[in-house]
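To keep things simple, chains are lettered A, B and C as they appear, and every chain counts its residues starting from 1.
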Amino acid sequence: MIETINLNKRFGKLQALNNISVHCQSQHSIALIGPNGCGKTTLIKSILGMVVPDSGNIIFKGKNIKKDYTYRNHIGYMPQIGRYPDNMTIGQVLDMIINIRSFQGALDEDLIHEFGLHQMKDKRMRTLSGGTRQKVSACLSFLFNPDVLILDEPTAGLDPIASEQLKEKIILEKQKGKLILITSHLLSELDDMITQLIFMQEGCLIFHKNIDELRAETGEDRISKAIAYILKNQKA
Amino acid sequence: MIRIIKFVILDIIKNRIVLAYTLLLAIFAWSAFSLEDTSAKGVLSLLNIILLTVPLVSVLFTTIYIYNSAEFVELLTSQPIKRTKIWISLFAGLACSMSMAFLLGAGIPLFVYAETTLSIIMVSIGILVSLVFVSLAFFSASITRDKAKGIGVSIMLWLYFALLFDALVLFLLFQLSDYPIEKMMVGITASSPIDLARILILLHLDVSAMMGYTGAIFKKFFGTTTGMSIAFLLLTLWIAIPYLISLRIFRKKDL
Amino acid sequence: MRIFLSYILLICFVQSTYSKTIWVGKNHKFSSITPAIKAAENGDTVIVESGFYKEGNIVIDKSITFLGVGMPIIDGDRKFEVITIRASYVTVKGFQVQHSGYATLDDPGGIKVYNSKHVQILDNYLYDNFFGIYIQQGKHCLIKNNRIIAFGKAEQEIGNGIHCWKSDSLLVIGNHITGNRDGIYFEFVTNSVIWRNVSVNNIRYGLHFMFSHNDAYFTNIFKNNGAGVAVMYTKNVTMMNNTFIENWGDAAYGLLLKEISDSYIYNNRFVNNTSAIFLDGASRIRVEKNLFKSNGWGMKIQANGMDNVVTQNNFIRNTFDISTNGTLVLSTFDGNYWDRYEGYDLDKDRIGDVPYRPLSLFSVIVEINPPAMLLYRSFMVTLLDKSERILPSLTPDNFIDNTPLMRPLPL
């Protein structure tokens, strides 16, 4: 579904993406992990077209995204830190995006109801807490029922209940057969959500494996432990 | 795209600063015309507004607005919308608001008090000057991510075109006073949008003096239909070029 | 028409007592003019009926009255001087005189008067001549209500509308002159009056005075002439009630005064000229109660004159009210209305309490460096001017109106 071919991106001295080639297929839920500043967000933003790579190609559903923007119709994106115009209300932001996308199908408003956002529609964005903003971001990413979900640190800043509600929603969508890309530092919460793992370090792709494969290789059941095992062996 | 433009305009109206600017222009223009016994003096006051206040407000407000809508732009870029469209919409919204502000604030009293041809010339030049500085603001906001730096660049641009440029020209005039530089001066004028605007209005306000020695050269150039068209074209270029540069930068920009 | 008829009656009366009338026309004894004039004697009247007469040069050498009925056309075939007057007490009236020769050596004119007195040239239409009406050493001549049209393109290809040379006591009244080199030209003409003429679209000056003393011109209109009106090397000229408008160009002036003294400029209107009045070597001129409106320069005063008085004028909407090329000021500028004056009048005597300096710094700059005009009305220039007004450093500080008026004079 999404394929990146030899992506390179440099921010000044920092090589954020170093020859990254991955292939993400539909029906998979993929975790994108790695230490801070390893290039996860850059990769995601490249896929979204928000960062323009120095070289390399990104193919979405068989089409190069360079001259295209309509492919974003199929992507729901939840940013790490959602930034919204300060003096708009939650309702206005949702309405605006719906309006601009001129979306025809049925809206997926499950999360809005679950998070209780419809009760605070008139609150201005600048008055919201970080968690509530994340809720808005989450709702927006699921709203248009997209084929691909890209979630950058989805549970960061959410309270445990909301976090759980979001996870359930992700699992639900995964079961519908959508491609889901998640970055997260909290490896422990990924366990029941993902089927594949992409590990990055200093802009390089270390590996891209199925979870089952990984478990078999390392003999560890939990992802966090499996990663730890790999890192240990790598150093040795 | 029209939806985004509509949104930008609504947001600017909610912002109230442009409304205040319109009101200020209106108060200034009406009082300038009603206090002075001749409409000519009102026109002169308005000329100073066009040459100083309008560029300053346009460039500053636009720069700050662009920086403040960084989130909005970021939100839109993750949506299935072409980047070019986002930037054009932003420009269209701001350009529309600033022109409307000038038209409503200064244009109405002009049409009421001054003669029609002059009013049309002044209003269109006022709007063009607004647009030039909106465009320059896009340029300065796109070359740096730092808001303070961007505003600094905008103010420098304004200072340069409103004050320094004229000082430089005067200096140059005295340095080169032994040479026949009148024709060259026509070219130099074209390199400042404010001077271009000023001379276009001058040709209507001080027509008698402009028929003299040097003025005649300008009159010959700018006074004809071709000259006028060229002058307006140059102003249009002053709008297009900074904006197009900013568009190029924005299309490649990482958010 | 009635006047004309009574005139005819009068002529008939005169004729019946002293002299005879000779008719020229198809149904008369004379079908051409030259033999008719030959047949006439002093005091006779020659009346020409309407028609087209091309007879080369027509010379009037007797004191006759020469009348046209129904505007007969006399054509010079572009070779000859059309009508030559070499006698006193001649009246020429009611002809269309056209197509004189175009030589530059002997200055052929439509109607030319040589060394004569009491010649009257009335109600003629001078069309496309080299010179229109030419008075050479005339005295007590009257030139009235003629229309003079020529189609000159360059100065050297055309003569003047009304050209007067070495004459005295002329009256030039109510003529309409257009398309000549100078509309009216006076050289060595004294004790004469120019009144109610309209001189427009002439190539050089609307009115041109050279060495012509003790003359006056009133209530004329000079519009859109190449260089305006020039009064040169002359003294004792009175200029009143004239209108100078739209004399535009580098060397164009509403009124150019060069080497002139003891003259009076009163109640004229100067509107839309590049320079309304240019004074070069002008002394003892009194400029009073004139209107200077929408000119590029109200008055340009060269520093080589003295004792001029500029008072009770209205300066309104000029780009520059006054400019000068020097620092020496030997003229006074008290008691004018300046629309730029920003002073106040606390004692309510209608005279501003602070003096006004009509000379702006920028006008001095432009005088030195004309292309600086390019910067007019720019913010920087306004700033310069304002600071100069508060602390004069470059402009002469005795260039001052000590009693500026708060309101314009009702002119």
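Basically, a residue touches a chain if its C-beta (ideal position, glycine included) is under 8 Å from a C-beta of that chain, and two chains touch if they have at least 3 such contacts.
None of the values given here were measured: they were computed from a predicted structure.
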If I average the C-alpha coordinates per chain and also across every protein chain shown, which chain's average lies closest to the global one? B
Result of counting contacting C-beta pairs for A-B and B-C, higher pair: B-C
Note, CA centroid farthest from chain C's centroid sits on chain A
Measure off the straight-line distance from the CA centroid of chain A to the CA centroid of chain C, and report it in whole Å. 90
If you average the Cα atoms of chain B and of chain C to get two centres, how far apart are those centres in Å? 47
At what distance in angstrom does the C-alpha mean of chain B lie from that of chain A? 43
Can you name the residues of chain C that touch chain B in the complex? 248-250, 252, 272-275, 294-297, 316-320, 339, 365, 368-382
Residue ranges of chain B in contact with chain C within the complex: 38, 40-41, 44, 47-48, 51-52, 162-163, 166-167, 169-170, 173-174, 177, 181-182, 185, 189, 194-195, 198-199, 201-202, 205-216, 218
Where on chain B does chain A make contact in their complex? 3-4, 7, 11, 14-15, 68-72, 74-83, 252-255
Residue ranges of chain A in contact with chain B within the complex: 11, 45, 48-52, 69-73, 75, 77, 79, 83-88, 93, 96-97, 99-102
